[in-house]
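Going in written order, the chains are labelled A, B, C and D, and every chain counts its residues from 1.
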Amino acid sequence: MPGNTFGHLFRITTAGEAHGPGNIVIIDGCPAGMPLSEDDLRPDLARRRPGQSRIVTQRDEPDVPQILSGVFEGRTTGTSIAILIENRDQRSHDYRDIKDKYRPGHADYSFDAKYGFRDYRGGGRSSARETTVRVAAGAVAKKLMAMEFGGRVIGYVKQVGHVIANVPDPASVTLEQVERLPNGEPNIVRCPDYEKAAEMVALIEQIRSEQNSIGGIAEIVATGVRAGLGEPVFDKLKADLGKALFTLPAVLGVEYGIGFGCATLRGTENNDPFYARRVEDTSGAGGGPRIATRSNRHGGMLGGISTGMPVILRAAVKPTSSLPLEQETVTTRGEPTTIRTRGRHDPCLLPRFVPMAEAMVALVLADHWLRWKASGKMGG
Amino acid sequence: MPGNTFGHLFRITTAGEAHGPGNIVIIDGCPAGMPLSEDDLRPDLARRRPGQSRIVTQRDEPDVPQILSGVFEGRTTGTSIAILIENRDQRSHDYRDIKDKYRPGHADYSFDAKYGFRDYRGGGRSSARETTVRVAAGAVAKKLMAMEFGGRVIGYVKQVGHVIANVPDPASVTLEQVERLPNGEPNIVRCPDYEKAAEMVALIEQIRSEQNSIGGIAEIVATGVRAGLGEPVFDKLKADLGKALFTLPAVLGVEYGIGFGCATLRGTENNDPFYARRVEDTSGAGGGPRIATRSNRHGGMLGGISTGMPVILRAAVKPTSSLPLEQETVTTRGEPTTIRTRGRHDPCLLPRFVPMAEAMVALVLADHWLRWKASGKMGG
Amino acid sequence: MPGNTFGHLFRITTAGEAHGPGNIVIIDGCPAGMPLSEDDLRPDLARRRPGQSRIVTQRDEPDVPQILSGVFEGRTTGTSIAILIENRDQRSHDYRDIKDKYRPGHADYSFDAKYGFRDYRGGGRSSARETTVRVAAGAVAKKLMAMEFGGRVIGYVKQVGHVIANVPDPASVTLEQVERLPNGEPNIVRCPDYEKAAEMVALIEQIRSEQNSIGGIAEIVATGVRAGLGEPVFDKLKADLGKALFTLPAVLGVEYGIGFGCATLRGTENNDPFYARRVEDTSGAGGGPRIATRSNRHGGMLGGISTGMPVILRAAVKPTSSLPLEQETVTTRGEPTTIRTRGRHDPCLLPRFVPMAEAMVALVLADHWLRWKASGKMGG
Amino acid sequence: MPGNTFGHLFRITTAGEAHGPGNIVIIDGCPAGMPLSEDDLRPDLARRRPGQSRIVTQRDEPDVPQILSGVFEGRTTGTSIAILIENRDQRSHDYRDIKDKYRPGHADYSFDAKYGFRDYRGGGRSSARETTVRVAAGAVAKKLMAMEFGGRVIGYVKQVGHVIANVPDPASVTLEQVERLPNGEPNIVRCPDYEKAAEMVALIEQIRSEQNSIGGIAEIVATGVRAGLGEPVFDKLKADLGKALFTLPAVLGVEYGIGFGCATLRGTENNDPFYARRVEDTSGAGGGPRIATRSNRHGGMLGGISTGMPVILRAAVKPTSSLPLEQETVTTRGEPTTIRTRGRHDPCLLPRFVPMAEAMVALVLADHWLRWKASGKMGG
């Protein structure tokens, strides 16, 4: 059944494979009149791009976006926006190994079980290349958020292996901190705790030299989200955000606010007390006294509806499944064998995962923003 | 915007509040010809029911389901099935306190921000009473799974506070183990590690005596799920299951397989090697040699598609927000105040959470089963 | 697959059969804060009610609506609204005839082919009793239209057999004209051309005395619909309205504006010239000069989007299939036989069809109104 | 709100404008393993192509389809299929006239009212060029129908102006008859009544010489559709087919079976008697005795569900709105003016409408076929 569409009012539909001509997204529901060009898409695509640093895969893809529809004289028309990103670096691999064997941790066997056959040249539709167009669509969603309600989504690497960053105030982290070190060089691991960032880079380089891979955790923070987004029962904001992050490859866990840490807390330790503060109007919610909480263990959502506090999520990302080391597996006929996955893989997915996660969070928030506009209070 | 519908081919739509006449679910998409009566719904409703043991809320609701449509002469007709569960124990509380104050950890403020007003007599639409009809619908989904492909969903309490159960083989846990102690008495905390179950009960009783509450973790296991369910990109099985659990009240985190534990693993430690085994045909997948994995850190899903291994999920559930202890908050006008939530609340949500979580997982699996039937291989 | 849901932002889901306990609708997406009670539903239910006059079926159903959720202290809460209408007059028929035979013109055979069996006591889910709750939901949609943008939907009988009403200005027809004759008596056939109304009544009475039935055409007019509703490609307003009317039992054709009459026109004869007029602001579109057309062959929609002119539709309704006269058919085992459908049937469906059609049109317009609010111009 | 998606299990999403780089469709839900290449798409695209004959627009577009994803080694992979058709003949028009004036019968004013501005170079998203990719997707749907259940969809021109074709047995019309005259020359008007075809061509040529345009009616017939497709209430097959045809530009009316003709019939004249016949198994419904009707005024659907009889629909298509003759209109500022639409327009839309209508009908039938597979009888 169709599973290539995401979102309701701000909705994307995607197509494309790792070894085909390219990937495409159709964005449906973006309001008319928003300034938009390919320039808006390039920064996040560059953050997701392979080959961007020494700790990511060296596949070389320029990832140039082409807007094919939905923009006229520099502004969105209100109709569907198609964006095409062509594949360039489709090296002529020797596919014999992966054609007849199931790579551990990959979807090869799942695809055969589901469809009866698969594009054996790589991940096909399950390749992370599919996320290029999600990142492009996410850039459109971010722009909508910024222009309509001053919203912002920023992610960063919170943990790689046992190295855990200390980020005392997630809502204050800036894109500049995530992308640049104090000395102006690129923050290639995207961790705003620079001391831990250096440790993470060292760990990833060591892991790569061992022909292995390592997992980690990303944290994503959305600010400027007014209270009232999300629906009470099934389309809770937390549920849609949770789904959004789980749609990304390699994500094995999602939590928000205190997350799994709530299991060992008492109610008195977990509840965030409300208080009233006087705020500037940056969220479209109107200025004046606004209700806030003194702590944010609830991660910006109560009853599945945003509270106006920063929305804070974390995703656990498994170590890359493709390994140059030999692993036990079976052939497609069920015979025991071993496999080494040659190719250019990320020793750690986290640095490139950050813009993907931001994109998915932005898509959900843009969607719920439009939902809120449609179904707010009577006459609202 | 409409947010009261869940699922695509096996789909539920719900309505109802804690203090209204009752809760209703319309199940749409259940195939014709399945035997069904209210008797199929009662066991899980009894497991969710308030007042079932000394460690849960003492609100007294019989939770009697009435099937109003979609069943003729004991079998489903293929058309929509409506189930009504009336509310009985709507005590005439003194609402003054919660009418004018925002309860910490509850959706009171979120609702006011979203809708401009709210049913101040309690949680309204965000009350856990809304889950009664989800559990009823889940019982229908479970029956469909059992009859069409021998699938089964079982949940249990994995952790309460710092008490963690040891469940070495989740796929072998039986409903009997979850519901009964070896001595035949009810396993009121629903933990199949009986030693830890006793500790959990003791902890919950202590917490209650302190007028406090405690969080925990539930584990849900689905077996008999054939390989091939789930879609590659957005409607990944893990994404739909993740959303499903996040739709439940109080859930702050969801993980599957090794979950957040993957963050500190290397690829060689995390990948599950494939092997071939000869299996009986219990899953509808056909007998003979079948591909399996030696371990199950992937939690039964790769690339978002089921592998035929048991599907294993965990949800983190926060401590009940309603507390008899005094907490800091504000009035609806933003003035500082304090609140004590009187009433009959669960000191720990986990024992009653188990059937709710099972229901949501069953709804997703029934849905993806039908999706698989519709869009499997050509001619399939 | 689920087919019991209609609409996107203003969405209804229904359940129920002719011979079960009752029919239910869940309305999802109605904005919060709208005054609503059962009193708002009764007038249109009375217009749809069997037994309302001598020219309709004499089945006696009071059709009392009960709002079970979504309304608190007389106003909608923004959450899902459930309405139950119980069946009362379920006479103990002798079903043997229709149990084992396929009634011509009915869905008996279709249901058996689809589901393998059917509720043989009558139409089951395909009975027109299912439309009770659509009419109730339509009354909510009409109220939303009236309160949010001054919109109004009125239908009437345009044709019965060869008797065709002359309604020179559809947009000026009032509910009073449709429901009452000049002498104050009920206009039982719901035709605002009183001369033709009398002829229609006479024709229907003659048809009934012949134990036969007769077809006709209804016309539905929506006014106060601002320009800009509808989407350019698939969710054209005309397409959603067309589908809406085709969902009603017995509808064999739908047209808008000049309709099938366009086939013999030249472009110069068909195009409606634009002109500018100064208008009062009744539509929420703002006052001042507004573009209109001198004629309305386009039926209020161009490119599938409303133009601000009255939306005018017509539906062709077949003669009732159930006939006391003997008809040729087969048994469920494929043997030739004959059938007479005993029971209390409408000799002409049109008078009771009018409120059903109005309801479906109102549901679409309420839905597109909310869609317009969500996705209008940037910042709009 | 998103309106660029059509269908549920076989679903298309489109983007593109008349004067942009091209049009794109993403087909989601096509089962895996179906042979597919661009060759499958070309025949219907050629039938829709401008410049194909002297009675259609002379804009020159080769309409070359490129499959960008979802096909591997000549077979569908089960994942989303993207098809791009680039625009070639985007002549540098002088747009001044249509930039500042509203063309009668076009969506110019509607778009401005909806979006605040529009692509003034032509129809933009509302141009019939958008239907290229619908026709391409329809070709995929037709292939699915043919391979999975032997279904077929054929359309033809039934009426142009007052010239009405006589087609006594719609279900027996062949593609060859629609496309070729007995002498082997192209049947450029696509009417299988050759005598009337000649009259239609003569009429269209006369109309063109008058710088005018003319309306007409197309008839579309689907055969091999097994009984049981369609849902009882809102997703009736007739409702989805009705919507499908109304999504096409210029359609002002849709009917099936006897259609509007039912208004003047009595029940005894309208009901189609059932009988049993012995049939070969060509529909996947199984051979042996099968129920059929002696006549087909019900157009192959009862209760909104297919009966196994041919599905027969008609659509009324208005005369082309663009006219070289001077017409009254207003400027975008509301000032009276006149307009002549220069350019290369169809004097009659019907010949090129036929493949568009076939495509939409095929998309609905492929969708409902997959729905039937998903939700047929228990264990089915």
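Convention: contacts are C-beta pairs under 8 Å (C-beta built on N, C-alpha and C of every residue); 3 or more make two chains touch, one makes a residue touch a chain.
Since the structure is predicted, the reported quantities are computational estimates derived from the model, not experimental observations.
Counting only chains that touch, the fewest steps needed to get from subunit A to subunit D is 1. Averaging Cα coordinates per chain places subunit B and subunit C 39 Å apart.
Subunit A and subunit B have CA centres that are 26 Å apart. Averaged C-alpha coordinates give centres for subunit B and subunit D that are 45 Å from one another. The multi-chain contact residues of subunit C, meaning those touching 2 or more other chains, are 1-5, 8-9, 14, 29, 32-33, 78-79, 114-116, 125, 232-233, 370-371, 374-377, 380. Shown here, the protein chains touch in all possible pairs.
Within the complex formed with subunit C, the subunit A residues making contact are 9, 29, 31-34, 76, 78-79, 147-148, 232-233, 370-371, 373-380. Remark: subunit B residues 1-5, 8-9, 11, 13-17, 20-24, 26, 28-29, 32-33, 66, 68-70, 72, 75, 77-82, 84, 114-119, 124-125, 370, 374 touch subunit C in the complex. Taken together, the subunit C residues at the contact with subunit D in this complex read 1-6, 8-9, 14, 102, 104-107, 109-111, 113-116, 123, 125-126, 130, 159-162, 207, 210, 212-217, 226-236, 238-247, 249, 251-276, 285, 289-291, 293-294, 298-299, 301-308, 316-323, 325, 327-330, 334-336, 371-372, 374-377, 380.
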